[in-house]
Structures are given as structure tokens and as C-alpha cells.
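Let me begin by presenting the structure, written as C-alpha cells, before commenting on it.
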Amino acid sequence: MKIKVVFHVNCDDEKTLLIALNNMENLLKNVPADEAAVNLVANGTAVRLFQRERAAQYASRIEGLSGEAVQFSVCNNSLNSLGIKPEDLLESCQVVPAGILEIIRLQAEGCAYVKP
Amino acid sequence: MKIKVVFHVNCDDEKTLLIALNNMENLLKNVPADEAAVNLVANGTAVRLFQRERAAQYASRIEGLSGEAVQFSVCNNSLNSLGIKPEDLLESCQVVPAGILEIIRLQAEGCAYVKP
Amino acid sequence: MKIKVVFHVNCDDEKTLLIALNNMENLLKNVPADEAAVNLVANGTAVRLFQRERAAQYASRIEGLSGEAVQFSVCNNSLNSLGIKPEDLLESCQVVPAGILEIIRLQAEGCAYVKP
């Protein structure tokens, strides 16, 4: 079985993001990266957590996971409403038009949902 | 692909409900209403948020979404245990016998799950 | 339809666990136990809630549910990182190597996900 999952983070709460990073790091210790499709989608105020300036403490963990099959997606609707520019985000992040739609799409493709 | 989703709200926390309303409004800007099956299920203390007296600030948003393919369902088990009468709820809401069972049923029918 | 669900508890917050226990007890009033496959997976700091010493107030409810088709699973990664021994847990709990992996596996097998 291929391991497919989307983690959903929607609040500007660093503690929750760190739980998600722990979860994903543990997961990838248990599953070979090529058998895993791991996604994290951030929307709402959680998009702030991925601003380069803000993320200094955990940026290297995000980069490490990004190098191991994890796709980080940040909601463009949320960026717009908070006045954050895509170029202020960590390079490992892709911007998606609508975070909720991405979460729905991923589940429709067989990803499990986890809310840390 | 038809967009199918259930939003789950289970706490008497207006902020969380407003996030769900935002999510659904954004979603319906991105997807034509006839290609979407959007549900919100409220159980636990969240059922209080749908009392007519309580909902004045956001009732018109719920009515608007209800007119656009969104089904709002409120758990009857929770209404009973909190002593709330179905007739005190916003008219846009349907009462379902058991909120959790509705959430399980919707996912079994292919809805994605989102916890705002 | 067989009712299949996984409840996910990941914080050391008794209130959230009690909501999950209520949800599961209500569910099993509405569905015959032999038509239900109900799971609760605890990871992160939530594993503390299943320590025998800690759980005195609600241990009998967990035992009762465990006798009625509910499977309680506790994450071994989390036990290790918090220095908790499996033998300190309630007897109704099984220890699984990785809680998140169990949640993904259960969803892949058709369980709905509920985050109380």
C-alpha cells in the first residue's frame, strides 16, 4: 500500500505546526519515501507560519521534509486576504489557488486526512 | 470531478464557525454550485451556534450558503442533551438524528472531511 | 452499510477525550455493535490520558466501549518520547508502532475520520 496523507494546518499556532512536522518525520522513519505521498496544506492564518522571516526556527526541518517526498502547499486566498506575498514564503512551499479545494482534491485521490 | 465535502464543527466557538463560513464561501467562488456538494455538520456544544437568537451576526451568511448548495445539519442527540428545541434553530438547518453518524455516512459517500 | 470510523485524539486534554467517549457511546446506541468498526487512535501527548493512574475517572467507560467493538490504539513512538511504559496503560488499549500510520491505514481501509 502506498501511504497517502494530507495534513491540514489552519491556525497561526507554531505548536500545531511542530506537531505536524514531528508526525511527518516519524512517518518517514517508518515508511520509505518512495512509498509515501505526504502533503501539508496550510490555509487561514496558518499561512503566516511559512513566511521566511517567521520560520527561522523550523525552516530547515521543512526543507528536509520537502526533500523527502513531502509537498507543502500554501493557500493563495489566505495569502491575499492577509496581504502576504508569495515571494516572502519559504522556497519549499508551493502556492495553490485555494487550500480547501486542494485538501478536497487530495482526499478524492485517496489521501487520508489528519488534523494535528 | 464533483466537489464533495463535509465540514465538522463541534465546539461552541464562533471563531471556528466563521472560519468554516469563510472556507465555504471561498470554495463556492472557485467551484460552480452545481458541481459542489458542501455539507456542514454541527454536533456537541456547536449546536448552540445555530440558535436563531444566537446567530444574528452571521445568520444571513448561513442563509446565503444554504441557497447555494450547502446543507447545514445539526445533531439531535446534542440538541436533546443541551435542552435546545429544533424550532429555535435557524430555518436553513436540518436536524439529523446523530451528527457523528451523518459525518461517517457523508465520508462513506465520498465526501472529504475538513475540521476548521 | 457497515459503520467504520477512526477518532483521532492527539492532545493531553481530558475534555476532548470525554467528547470522543460521548461520541462513541452515542454512536453505539444508534448502530448495532456488529455493524460498527469503531477505532480511537491516540498519539502525541494524548497517550498520557490512557495511563492507568491518570484514567481513573473514565477508565470504566473505556473498558465498556472496548467490550463493544471499539478498538483503542496508542502510539508507541509517542510513548517512547514521553518515557511512558506500555504496561502503565489501561488494559483495553493496544499499542501500535506509529499512530499516524494507523490512522492512515484505517482511512485507506474505508474508515471515516473524526477529530473531536
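By letter and in written order, the chains are A, B and C; residue numbering begins at 1 in each of them.
By definition in this document, a residue touches a chain if its C-beta (ideal position, glycine included) is under 8 Å from a C-beta of that chain, and two chains touch if they have at least 3 such contacts.
None of these values were measured; they are calculated from a predicted model.
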| item | value |
| --- | --- |
| Chain contact graph, described as a line, ring, star, complete graph or other shape | complete |
| Rotation angle (°) superposing Cα atoms of chain B on chain C, nearest 5 | 120 |
| Euclidean distance of C-alpha centroids - chain A vs chain B, Å | 26 |
| Multi-chain contact sites of chain A, meaning residues that touch two or more partners | 113, 115 |
| Complex interface listing, chain A residues touching chain B | 8, 10, 43-44, 77, 97-98, 100-101, 103-105, 107-108, 113, 115 |
| Residue ranges of chain B touching chain A (in the complex, touch as defined) | 1, 3-5, 19, 22-23, 26-27, 30-31, 110, 112-116 |
